[in-house]
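The data blocks that follow each hold one structure.
Here chain A shows up in two complexes: once beside chain B, once beside chain C.
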Partner chain A sequence: MHLKSIILLVAVFILSCGKGKFTNQGDSGSIEETLNPSENEGEITTTESASLALGSKLKFKKQKLLEQEIMTSLSLSQNQICQELESLNCINEAHHLTLGGVDAYDKNIWENKNSFLETTPIVVERIVWSACEKRVALDLESGESKIFSKGSVSDSSHVGLMVSNLYQNILARDASENEIAAAKEFASNLEKNGGTYDDWARLSCFSLMTSVEFLFY
Partner chain B sequence: MKKSKKNKKQVSRRSALKFTAGAASTATALSMVPSSLLGVNQSKVNEQDEDQKFLIVLTNFGGGSINDSFLALSEDEVRAAGGDPEVINCYKDSQLVAVDGTPFKAVKLEHTMPALGNFQVVSDQSEFLRRHKQDITVVTSEGTSVNHGIAQQRSVNGNEAWAGRTIQEVAASFYGQGFSIPNMNMGSGGYAFDGGDSSLESYARGMSVSNPLYWPLSLSSSAKVSGVPSKAMMDLARDFRLRGIESQSNFMKTFKDDPKLSSWLNHREKTRPRFEQENLFEKLFFLDGAGDAATEKAKAMFPRYNKDTFDAQAIMSYLAITKGVSSVVTLGPNSSTSTSDKGIYEFYNIPIAFDFSHNDHRGAQAHMWQRMLRVTDGLIELLKATPYGTKGESYWDKTMIYMASDFGRSKTRPAGSEVFGSAHDLNNASVLISPMLKGNRVIGGIDPKTALTYGFDPVTGSPDRNKKTSEKEFYSVLTSALDIDGSAAGLPDFRKIVKK
Partner chain C sequence: MKNLLVIWILTWFSLLEARPSTIVTFCEMYPESPQCVSGEFSCVSCHTNPPVNNEFGKCVSAGSDLWETDFEGAVRESLLKIENLDCDNDGISNIEEYLAGTDPGVANSTEPTTENIDCEDRDKLSNWNVCGYDPVYTYKRVSLDFCGKKANYQDLKVFKSLSLSEQKKSLSDFQESCLNSGFWKGRDGVVWQMAHTKVQPLRTLKSGHNSGEVPLGDYDDDYQLFVYYNVNDRDVRGLLTADHYVSMIEGGGATTYEAVDEMPMRDDASGLVLELGNFMGKRQQFVPKERRAGMLTTLWNATFRTMFTSIPRTNAAHAMRAYLGLDIAKSEGLIEPEGDFELVDHDNKGILSDDCSFCHRTLDAASYPFTKYNGLSFDVPGKDIDVGNIFDPNGQRPDNTLVNLIPENLVEWYLTNSKMLVPGIYKPRRVELLSEINKETEPELSGVPEAGYVLGKPVANLVEWGQVAANSDYFVKNIVLDYWIHLVGSKPASESEKNEYESLWKGLMGEDNYSVSKMLKKLVETEAYGAP
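Entry: the complex of A and B
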């Protein structure tokens, strides 16, 4: 069997395995194609100039823009988003270079030629998790309720409403019927695995805000 | 000449990456996928290759002058050569220590720096020289730029000697396959730059590390993060993100072929699980009592890590190499000031590092060389004490240290001055330290009359007063020292000159 066919089979098998299988997968072929590395390893590059040379039309929301977007989407102040080791601002101190920022005074890096680094997705997950947890806590415990209101993970109608709020706040658009259905399926899978409404709220926020549609423009 | 690793018949990382898609349950597919790509822990500590080499690049940020360290000249030497010892940057006998059995000298200086509030510099290079002279090779060189950023880049890329590749990238390309982060770069300014060769294997590119105290947090999505749910729930959420959100979206359908998106998804879906599976955070994080006995040893060797980034970098370097994470590390001071609890009465890093020589050359050079040698000595001792392989070797036996410098400093001073400023000078020499090299010698030479260094005969290696060592030749010394075949880039082979 041709080698590339084996790769595709493996990839499709993996993505169809595991808990929480999504029946409504949309154009799943696009993910596999995007995940498979290019033949020329040099094309998988993170420098801005190299990406432009390869025809990239997207930009990653670097440091300051990412911070602003999170603040706006989740109605949080700068200090509420994320602190590493309870003392360092995640975006401006701990991970500024990883997020595409500069460091003129200490490291004499006046220009960051990288769009992002290998570790940037990890850092983004850390930051977004912290921000989402904060938003959910404020919504459900203090009663501010900017995005989430109290409910149950098994209440499909309520979940659908919350998903709409999420998409509107984070992606500034309505969720499609397919997207709402997928989110409801996620809620159901989570409940089967012992997840609570709080868990679902945080994880939904996390999943949407670490998706490529939010992070790139 | 050792053949390029690319010529070996093995599954290269490039071809192996074509197979990757995470863990699979199909036996046939599994048997064809290298384990390194299945996310299996591939710690290089457990696969200690006899041919493995490690490169540590220590950056003399701002311009460390060889005239103020191992090729320092005495007044008598300058006078005997017909030079003016009042004008040439040379030292009194009382300021130099001649160590038996070595052509090098050690500067021993106590100096008051008026420009830094009369900060007292106490410097003595002799102990370092005694301990490591057999492993020290000083190689003369002459650069082509007095601009810090450009000169820093050229000191590691040989002024485009190999399509712009830095020596760190080349070393990682040859010796970094299978390491989690083959090329770790904690350098600053031009030392932090990539080489810019787009054909370089992506694994060999430098991983930029900002602050080594906190940077390991970027290797784990959950370490030290409060409220993170179980791995099972996180996996569900990530799966939902990939197939429930992104697969559904018009955004993905529109941009699925965008190379930037492809890069991002590959990092997110492959790098993160791999880094977490390889426990990189646990290996490299050393705050809050974290780490094992090796970590404690490193922290004891470099106790200033909370106040002095250079100490923290040194700990990170040792851990990265000996825990099988990296084959190349770059570290060095930057332009920021750091002090002990005594404030300006005890500088760790003086402002702008070696470049403070503009204000007080003697003080800046003495203090910064002392700083560099202190960390170098600590690293060597740690590596010597850490076994490698099964043949009684240590990590030090496999390591080369290259002390890179932007450039030298001007060779003259106001008559008789001890406190004077110096400018940038293209002429200099660099220090290599490794048991793999024919040590305890100078490749090239120095003219005592002018304090200018000169080059070497590329065939015999003998000093040649009519020649200057070019950036490309110096770069070739580095590749030869690492047993790397640079013929594809037209680089000369200096192995016979450099290696044991």
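Entry: the complex of A and C
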């Protein structure tokens, strides 16, 4: 619970300021410090398209598109992604307006202009975290191995292979050498701070799926 | 625990006081700033650690009082106000720093923060051709925008392996297939959803599929007409000129639309639509063919927008806003009618005062052609029609409802020659009858002409209104703008975007023969859409 709170806090800062990062804290102490980007120097970007190209018009993948992206990227069905109160579909029922959808027939919300609500970043993270947890559980506990296969954070080459899978499935491209190196460094730091392979898998998935490159197009 | 609480509070506060939308607003106002070109303008341009302001952020914050009520307005007001100030006291004004690419919140920032904004250098760091149009980037966008699906790793790998000319063809074919997909043209697809602001649905008043409690019209007819003219190379002017309706056939994963002369009453019709439909020969649209003007003359338009008003100003204003992009409420489209137009207060609403007439000269002139199309009045003078139970699906229809009053073989004659007014019909005597019904409040109503004006030009009736409007520049500009905003993400901002937009709307009314499909093929080839 404590780890999840810190991750969510960090992700809020990451998402709102527009760059996704793995951090490289070297030998510093706790997981909290490792994950807190505000005190880092020498950040290594996960996506080589480092700048938010404001000369272009990046659009947020609203509601249905976000759902499609998550389903395709993580090979999940609609109902596997996220449910609020175990019954409401997060994307189509509970948070459809927050994610940029409309409610034309009953609430007269005929359009949803390209602006975010205050809760949009948190809702996105909530949904992505749920989806990543599900994928990791299915892969590592039920043995589906669609993206992750069983391994260890100390096995660098296995980590590299998993990172490649992640990038190909989520961002539809190959990871660069820098990105693979950053992911391996992250795994190594996580291990030093008591994190497990499952933790690494969930956090890596979450980090990529809350990046600008994934959420915008 | 206390630290965690503090962090949570600051985080929540930061969500309120430090917004990513500020970056977008800044770059819309100063697109030529090197920091916008490179993407360096970010949260840290105004903040040290959000929401804590740096010197520039303090200036911005002090520049407006609108933060609580209109955040974006406050950003715009403040940035303009502080242009000539020097917030970091380095001897260079803010506006000079924006344009030079230096940091207006940092005193020792006198050199551009972006070391090199040269295209080729940026290109090396990127997966995209950031110097111009990138077909691979465009392919990803087209896949999402037109097909609603992710371009996966394998798809992109295959596409990247093609030559440039092969990529262009592949992209065009791919887009074509997507334009026929359910995601694009099906019920609640992209085009259908673009019609929401035109149709303005309200389920409570709907008959048919997914009906409501007080069925007054079936707006599915409107959506179907809208989609029909926006797909498959059809002439989009039909939105305002069509003399037919459109039925939709769903099944086998595909959606097709078919033009029909008359709209048959649906099996699940209810309420007013059922009552009228049974009376009018099992139809659910009642305007005669020669009096139809596309989206302007549907039953939904009559019952939802004209409603009980004698002079349907709401209907005219909505048509101008929805189809011409001219919002009279914002004083747009106030074009003086040609010739000797005299504004008359036919319905006694006080429109002749100076404060009112400068809008009503346009609005009333545009409204007159709508006055022959009846809204919600339900009258047979001399007869007392009980309509209450027709909205109760379990209720008994009273003996004195329409179906029981007039023999079926006399309906057409009666509608034409009698004083009967029912919803959704075209009735030349409408204003005369309403002036009789409303003689206490609107005694001068019978003087309202059918002829009026649109965009300053005289028109004899609503059919001509639709033709003049559909053939105007405003109409095509509005069509293209709707798609531009949806696909590109915002209105045309830079000079090059404005040029591309202009080329598209002129093409739509020129070599593209009003085909939205053709226009969309060109839109996808613009730099605004396809340059990362």
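To be clear about the criterion, the second predicted complex is superposed on the first by the 157 of 217 C-alpha atoms of A that agree within 3 Å, B and C clash if a C-alpha of one lies under 4 Å from a C-alpha of the other, contacts with A are read in each partner's own complex, and residues count from 1 in each chain.
To be clear about the criterion, a residue touches a chain if its C-beta (ideal position, glycine included) is under 8 Å from a C-beta of that chain, and two chains touch if they have at least 3 such contacts.
Here the structure is a predicted model, which means the values were calculated and not measured.
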Ask   = Who does A:H95 touch here: chain B (first), chain C (second), both, or neither?
value = first
Partner chain(s) touched by A:N169 [first = chain B, second = chain C, both, neither] = second
Message = Looking at A:L58 after the superposition, I want to know if it touches chain B, chain C, both of them or none. Which is it: first, second, both, neither?
response = both
Ask   = So, A:S142: does it touch chain B (first), chain C (second), both, or neither?
value = neither
Task = Mind working out whether A:S157 is in touch with chain B, chain C, both or neither, as first, second, both or neither?
result = neither
Task = Using the touch criterion from the header, give the chain among chain B and chain C with more contacted residues in chain A.
result = B
Inquiry  = If we overlay the two complexes on their shared chain A, which of chain B and chain C does A:N178 touch? Say first, second, both or neither.
reply    = first
Request  = Using the touch definition from the top, say if A:S77 reaches chain B (first), chain C (second), both or neither.
outcome  = neither
Request  = Go through the superposed model and pick first if A:F116 touches only chain B, second if only chain C, both, or neither.
outcome  = both
Message = Between chain B and chain C, whom does A:Q68 touch in the aligned arrangement: first, second, both, or neither?
response = second
Ask   = So which positions on chain A get touched by both chain B and chain C?
value = 9, 13, 17-19, 38, 50-51, 54-59, 105-106, 108, 114-116, 118, 121
Message = Using the touch definition from the top, list the residues of chain A that touch chain B in their complex.
response = 3, 6-7, 9-11, 13-15, 17-20, 22, 24-28, 30-31, 33-39, 41-47, 50-51, 54-60, 84-85, 88, 94-98, 103, 105-109, 113-123, 125-126, 129-130, 133, 176, 178-179, 182-183, 185-186, 189-190, 193, 195, 199, 202-204, 206-208, 210-213, 215-216
Key: Residues on chain B engaged by chain A in the complex (per definition of touch)   = 13-14, 17-26, 28-29, 32-33, 148-149, 188-189, 192-194, 198-202, 207-208, 210-211, 214, 217-222, 224-229, 232-249, 251-253, 255-269, 271-272, 275, 287-288, 309, 334-336
Residues of chain A that touch chain C when the two form their complex = 5, 9, 12-13, 16-19, 38, 48-59, 61, 64-65, 68-69, 72-73, 102, 104-106, 108, 110-111, 114-116, 118, 121, 168-169, 172-173, 217
Query = For chain C, which residues count as touching chain A in their complex?
reply = 4, 7-8, 11, 14-16, 18-21, 23-24, 27, 31, 36-44, 49-50, 72, 122, 125-128, 130, 140-141, 144, 148-153, 155-156, 193, 196-197, 200-203, 206, 210, 488-490, 528, 531-532
